[in-house]
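Right after this note come the structures.
In the two complexes below, chain A is the common chain; its partner is chain B in one and chain C in the other.
Right, the complex of A and B next:
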């Protein structure tokens, strides 16, 4: 794999789960990602930081091909997940998205009951009817939402608070049993208490999942991630263990951003 | 300073009067409609009018039974809805979710033009094209049937149903759509399991408004339904001529002596029609106001 990908940014890790090689992305004429290469390690939290418009959200959306929905979006390069190129001709996007779940910036529960929100994924993927109750309960437990909702599974998801809605969206993603979960600024619309619950949750989830989180909040990256990548103007400037990025960044612009000189 | 204030106030009160005029006109229409209808009940009881099976307004033993006209309107409208709702919703889904934006933009003006065609032109088209077609297809003595009326009305209600459903579907936030796709749902699963249910109250409002349009339609029906005031059988009556409430008023109003019982009976039919459309619009409004998303 490494021979496909040159100049790869790679922290010293045992097992890469996602490998990105020379990824370029254009929205029409405008290049939004420039030659990104990195290994994202398995069962860990990788945070992507950088100022607004640096490409970090665009990048994360390449990992489950959500950019397919954007008109005039053109992608070159390779994204390998478990050694399979997800932009290959034979790739089933539905299958890919089952494996790579995503939690969005704003909580986006479906306008249906709490139960139906979580059961949605298993149902469309043909999970046996009698197994669905168990899957829903398990997912709500893992998303630390079971205690608050077990007595009102039939009430509308939109009656939950913002933080609860976001945990419901996490539960909904877990119910599909992905291997990787992408978080696109999952706490930017939430209050500090809800934020800290979600952060705890993410740290717990890394036992079973590979997690990639885009965040505006550097403290959040420092608190919860094992690895951090710094994006700036469409480029991956630096990528390494979180401790190293925050304590001894190699690049000047990383240091400037982390110390709050811009961004 | 005083001058400007005065001017502002004048403009305000002129605009208020104009808006208030609408309400006054509506109230006056109600008043006259009800007043003239009530005079019928000196001749016939309300019960006889509402449950009467025969509409013989000009025979010696005259009878003013609403049912033949009511069921005439009902069967034509029901047929139109059965025909227009699936087509309308399918078109709305296609335009808002599936069609390339350029195709959607090209289609929309045609739908608006369809809404703007005068009903007499629809009626003429129906009479010349659809009536013989229905007659030949079902081998009937006449092609002027409830079915013919239903098809014409369905076509006429389509623009309302498509436009309002399309609006409801498009107003479902794209974040919800992305949420579904990100869970590995296909586009089609996303449409029928998330988007359409989320837009359902808007779509129901569209159907109600389409129905309101259909039940009040007059000219086209007069031209294609044969105007026979007999209670249609169900469901075979769809292939018989019928007469709707609207067509009855339009056909008979010109020939009835003012102030006669027949005259008042037509007003009473008008009141029933008004009440039905009022209720339909009210229900449509109630459900429509519920569908606005509270997510954002």
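Right, the complex of A and C next:
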């Protein structure tokens, strides 16, 4: 698996969960990702940072083939999850997205009850009716939302606050038992207290899941991640342990970005 | 320019530390001149500078807290801010020790018990170390910082040699114990000043390379 990752210094990773090798992506004529290679370690939080338009969200969407839905998008290279190429011909994309859940910038609960939001995924994946209650409760507990919602599970999800809605979306993702969770700027629309709760939640979730988070908030990346990758103009400029990246980055452009010299 | 005000604040912090360094060099130089010549007037002038140093050091401390709380510096900026705080604390101790030196002339009457040749040599090396540790901070030169700290060994050797000499003199002639004790304090203060210069050099190495080293 390591032979696919050659073009950038990699941190020592005991157990890579995701391996990306020479990944290139074009939107029409425009190349948005250039030769990205990295090992994303298992049961850890990996943060992706970089200025707007650098390709970090495009990259994260490659990890569960969300870019398949974009017209004129062309991808080359390899993305291996647990050693299996997710762009292989035999891959079931629905099953892949069940394994690799995603939480977006803006909370997007379905216009239904709190309970039904969480139960939606397990139901369509065929979980037994008698097991659904347990799955919903478990997911709400894991998303640190159970105490606030256990007495109003039938209330509309849209009656929750923004922070609660985002945790509901996380519970909805957890309910289908993914192995990996992708977060695309999950707290950028939230207040500091809600942000702090989501950050604590992400740090707790890493013992059971591999987490990749795109964030514009560098303090957030520094606080919650174990590894950080810096993207710039479609390239992965530097990837390493978060402490090293924020303390003594090797590349000048990483240093310039995280110290606010540009971006 | 992105974060222009922030960059100005960092620049001002660096300049303030350099100013504190210059003041420390001057105070140490004058205190040594006052003690060697037993010049009470110069000693009194030197003592008067302590409040300016306090003001500058407090200003640096406030700037550091402002930068940490309001700007959240990262990477080399964070190292600069942390180093500025540590270096200013070392400089403040150097000034404190120099002030102790400047208090000695008022306590010694009728001249020294011996020519202060090795003591002056110690002080010259310590002054060199202070000047060059601050130069290393200005130019972010880890090599100069390491070379500067290496001279602490010479100061330590001279300290022990003068120490033994003074103890022997006191054993032979108990009437000089009071004056000799002040000289023991003096060499101890100079030796500690050289140690603080080593700490500054360690901060410079950290600032430039992100490595924590022990140079003393």
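What we mean here is this: the second predicted complex is superposed on the first by the 259 of 263 C-alpha atoms of A that agree within 3 Å, B and C clash if a C-alpha of one lies under 4 Å from a C-alpha of the other, contacts with A are read in each partner's own complex, and residues count from 1 in each chain.
The rule is short, and it goes like this: a residue touches a chain if its C-beta (ideal position, glycine included) is under 8 Å from a C-beta of that chain, and two chains touch if they have at least 3 such contacts.
Please read these numbers as outputs of a predicted model, since none were measured by experiment.
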Fit or clash between chain C and chain B when superposed on chain A: fit
Touched partner set for A:101, first chain B, second chain C, both or neither: first
Partner chain in contact with A:121 - chain B first, chain C second, else both or neither: first
Which of chain B and chain C A:26 touches, first, second, both or neither: neither
Centroid geometry (CA): angle chain B/chain A/chain C, rounded to a multiple of 10 degrees: 140
Partner chain(s) touched by A:261 [first = chain B, second = chain C, both, neither]: second
Contacts of A:110 with chain B and chain C, given as first, second, both or neither: first
Chain A residues touched - chain C or chain B, whichever exceeds: B
Minimum Cα separation, chain C to chain B, after superposition on A (Å): 31
Common interface residues of chain A - those touching chain B in one complex and chain C in the other: none
Complex interface listing, chain A residues touching chain B: 64, 66, 69, 94-98, 101-102, 104, 106, 108-112, 120-121, 124-125, 158, 169, 172-173, 176
Interfacial residue positions of chain B with respect to chain A in the complex: 173, 175-176, 178-186, 189, 193-194, 197-198, 293-296
Of all residues in chain C, those that touch chain A in their complex: 2-3, 6, 72-79, 209-210
Footprint of chain C on chain A - complex, ascending: 218-219, 222, 246-249, 254-255, 258-263
